[in-house]
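Heads up, there are several structures right after this.
The two complexes that follow have chain A in common; it is paired with chain B in the first and with chain C in the second.
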Partner chain A sequence: MSGAALRNRALLIAALVLLALPIAAAYLWLVLASFGRGHELTWGIFPTSYTTDNWRFLWDASAAGRDVPSVWLATRNSVVLAVSIMVLDVSLATNAGYVFSRWTFRGRGPLLAFVMVLHAFPSVTLLVSLFIVLLHMGLLDSLWGIVLVKVALQLPFGIFVMKGFFDSVPWESEMSALMDGCTRLGAYRRVILPQVMPGIASIAIFSFLEGWKEFLFVYAFTFDKSSWTLSLYLQSILSRTGGAQYGLLAAVAVFYMLPVVFFFLFAQKQLSRVQLGGVKG
Partner chain B sequence: MARIELRGLSKRFGEVEVLRDLSLEVGDGEIAALLGPSGCGKSTTLFILAGLYQPSAGQVLFDGADMVGVHPRGRNVGLVFQSYALYPHLTVRENIGFPLKLQGVARAEIARRVGEAAALAGLEELLDRKPSQLSGGQQQRVASARAIVKRPTLLLMDEPLSNLDQELRARMRREIRRVQRETGITTIIVTHDQEEAMSLADRIYVMQDGRIQQGGGHRELYERPANRFVAGFIGVPSMNFLDQLAVVGAGEDAWLESRGRRVMRVSSGDGLAGLGGLASAAIGIRPEHVAVTPAGQGAVAARVVDLVPEGREVVVGLELEGGVELRSIVPSTLELALGQTVGAAIDERFVHLFDGQTGAALHHGGHGR
Partner chain C sequence: MARRRRIPRLRPWQLLLLPAAVLIALFYLLPAVVNLVLAFSDMDYTFDYHFVGGASLVRPLADPMFGVVLRNTAVYVVTTLTLMNVVAALVLAILTTEVPERVGSVFRVLWLLPRATPSVVYVLMWFFLLDPTDYGLVNRVAGSLGGSNYDLLTSHPWAVVVLMNGCVGASMGMVVFTAAIKSIPPQLIMAARVDGATAWQRIRHVTLPAIAWPVMFVTVYQTLSLLTSYEYILLSTDGGPFYQTEVLSLYVFHNAIADYELGYGAALSIGLMAIGTLVALIYWRVFGLGARSLPARIEVDR
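Here is the complex of A and B:
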């Protein structure tokens, strides 16, 4: 590498570090705060003394207060919600994306356009009508109703992304699989799907996060605390009358964040591994 | 190994008729080439043979058995795609072994046969690479190995060498011939490159507009082209054509005119002058049969308008009086300059004659006579 290239690289890294620093600092503060004692931690970055008291909510349900359900119940609900949305969204978007990419049928263009229009509505505007729909379907006060709503709202985006990925897989790949002895379905499963793994991975991450962070619909469509997810759990601690316990709040926030970090790290690796393959024509 | 026959094949895509009443035959263990310009329907024919397309009408016979309606899986045909269509997520070993895995061949047997095919294609060192880590020539070999590993009855190759550079192409041609000889698999190659067709195939089918124009060995196509299209398509540089013909004068001073201008001397008797229907016909003459002579020597006068050196020879563009253009090919030792006036002498013995309407050959000169 020449001197100029080296200097450019150094500048780039410096710029990236500068950009990342505030975010990293905020997370560092959050983690430190979760181990801080009492109210001291509200000032400055480093707490004056450390304790694990804030984390007691993990094993002692009463530590977080009587107005919230067990954190493990909320976690279970969050996992059920996020994973269900992810599984449904990925499988529907993948199959629909394939059909939109490969098959020509009457009304394909308009349908594709309509699907995109669907995506343009902010979900808040649909809140009341969705409430009524769920009420009549008997899916109110249930996570499954929210799963269906979330999947329906995200599906257009997923279909669009997957269609793009399928478009980039050449027809020859599929024909070649048929020549080698695959059925049409076999070609899809053994040859086409592995080539769109980066797309599947990105939709999986995206839809999992959508479910994990969902607050509005859970808040609006469930009434019983047994249906609470971590986002409602966190909100309830934050909005307590008489002031929030910031140590507890920070600990719950870190707890809420951890699975996402792990999930992202895993999916990221998956993403880059698959992309090494690359189609060369 | 099989004898392949297409009978009365036609294919329509909606309103477009891509193949019309196409018939051809390839003998057991032969290499045949489908040669034609792009859009002539040669790849469609290949995909019908493979079973990827269904014909609108006609028969596809493998050893006499009609394969129309049989899924590609049931045909045991190997196909090498122009783009190679390797599976990017699989290693070379897995790519080659893929057809066998689908057939449910035992793992040890797969390993043995992949090794065999890889050795045949010279890929032993590359088995653990991914396709993206291979050069174009290596990818071509993997595609070929994958196509022959299942011991197909028919091997199809769609423009197998078009993505390779000149030098590699020559080498891969030799390799394809060698592998075909060693395996004895009946092979059909689709190409737009006549050099490739000539060097690879025992039998060449020239296609245009969804029809076979002519099938035969390379000498037959060159010396006895069935029509004007084949005559113009086969041969580099391509054949000269002259139309609106008439014979004027008689005896020692008889001339053939094109568009009212003298283009060559003709002998009376058994020569061109004796053929009827000249007015509506066209003559074809290969560049090597147009001699460039010193100016004024018993030939028509011409001006040198183009010189394309090709090593041993040079392709000369000649303009006759009245604007008729001819191409000639002469040894490079003949020193010519642009703008120079020379004589152009068409060798009457090698003139081909084509019907002005249908383009069908009426007469072949030279070896074809």
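Here is the complex of A and C:
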């Protein structure tokens, strides 16, 4: 490679580093500050002295302030919300995606087009009426209401992604199973499902994280602190203390981020398949 | 036996489709209908339904805030869309594909991180960056350059809101554009090289034309998503200071959920949906989306 090309490449990488620096600095600060003491930083992000005091909220409920519930209750709620959304979304989207991919019935085309319209519809504008619907169903102020709403709003997208995965399974493999005496549902369970496992994994991770990250619906549809998830737990400390307790806030944030980081590092491939709203590159 | 016969027997596909259909009907379609019904009422915190005709629907016209909110929405969508979701995304996609893939992919993953981060955590990091005391990174850097302490969240709320949303939004364009750039036939790039094109000429005449369609797609998709995304604004400026960053979707939230003006909130929601539909139709006409998007990936009935 010529000297000019090398210099160009170095310039490009320098530009990329410059663009990525604020993001990297912010995440690095988050981790460091969770172990930092006081309000002094060297080099803009490194605490001057270190402590585990910020993490006391894990075993001492009063460390996070008197007006928040125990972090373990919030964690439990977050797990319940995320896992329920994941299980429901995966099972319903998989079955529906299979039907749209493999069965012929009257109204299939229009129904599929309708699912696509629902996917494009800005569902967050339904927040107001969802409030009333949940109120009348007795599901307001309950995590189950949020589970059902989240799943319903995410389903069109999940159905579409799963249909795409089912479409790529060759008919021949299903045919041979039918020849061998499988019923259609038997072939679905034993032959087709194993071949769309990557799709199921993608939807599972995606919907788990969507539930884990959810803030708006929990904020709008629950009132009792016993229904708080980690997002509300963190938000309430943030709005109460402002910047006065960055150490505590960073520690809670890191704790909250753990599953996100895990999936982000180890399931990047599955995640990127669906992360951007069904954009298949 | 006779009684069992009367239960309609569902075909297997109906059984598999039913749960999804029920859930979508109850928690997606029903709310859409309820929204329409609510918009014709003046429901407030008492939750009593009074039919008031189109009173709530025309109320925005008499609402002094509505014009401000509409202008804010336009500023927010147009600025974030052009500067961040398209231009910054394009820069990131071109830069990361011009360097070796192993290096480029690291930077792309880093830029995807904000999208995977819970909104509250993301906003917390921005509070650190922008902290008006010496603790904040921006002020630390500004201080070492001889500046004084800035409270950017108050003095430049728009810059903050656009950057905050844009750093998440840019990653979508980045991924889409990267995929498009990677699918350019290598012969084309080779030919440009052989012809002695400079890097800039190559980008201008080979790369950019190849991603015209993805740019349109991202523009449409991100306009609609920006119109309805207000979570970061809610958590950072909450529309302030003094309604400076109050966008329409946030205004719906404030009216309906914070002030329990449910009827008016539902009417404003319908306005938001109407604007979204209008924008989508305009794009459809301008970009000729129908002709372009139909051949690919759309179902062919068996």
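Things worth noting here:
Just so we're on the same page, the second predicted complex is superposed on the first by the 226 of 281 C-alpha atoms of A that agree within 3 Å, B and C clash if a C-alpha of one lies under 4 Å from a C-alpha of the other, contacts with A are read in each partner's own complex, and residues count from 1 in each chain.
By definition in this document, a residue touches a chain if its C-beta (ideal position, glycine included) is under 8 Å from a C-beta of that chain, and two chains touch if they have at least 3 such contacts.
Predicted, not measured: the structure shown is a model, and the values here were computed from it.
In the overlay built on the shared chain, the residue A:P170 is in contact with chain B alone; chain C does not reach it. Chain A is touched at more residues by one of its partners, and among chain B and chain C that partner is C. In the superposition on chain A, A:A152 contacts chain C only, with no contact to chain B. Contacts of A:V191 after superposition on the shared chain: chain B is touched, whereas chain C is not. Looking at the shared chain after the overlay, A:G65 reaches neither chain B nor chain C. The interface of chain A with chain B overlaps its interface with chain C at residues 276-277, 279-281.
The touching residues of chain B, counted against chain A in their complex, run 47, 50-52, 71-73, 77-79, 81-89, 98-99, 102-103, 130-132, 139, 146-147, 150. Chain A meets chain B in the complex at residues 170, 172-173, 175-183, 186, 191, 194-195, 197, 274, 276-281.
Only residues 11-13, 16-17, 19-21, 23-24, 26-28, 30-32, 34-35, 38, 43, 47, 91-92, 95-96, 98-99, 103-104, 107, 109-121, 123-129, 131, 133, 135, 137, 140-141, 167, 171-172, 175-176, 178-180, 199, 221, 224-225, 227-229, 231, 234-235, 249, 252-253, 256-257, 262, 265-266, 269, 272-273, 276, 297, 299, 301-302 of chain C touch chain A when the two sit together in their complex. Those residues of chain A that touch chain C in the shared complex are 8-9, 12-13, 15-16, 19-20, 22-27, 29-30, 33, 39, 41, 44-45, 88, 91-93, 95-96, 98-99, 103-105, 108-109, 112, 118, 120, 122-133, 135, 148-149, 151-153, 155-156, 159, 164, 184-185, 209, 212-213, 215-216, 220, 230-231, 234-235, 238, 243, 246, 249-250, 253, 256-257, 260, 263-264, 268, 271-272, 275-277, 279-281.
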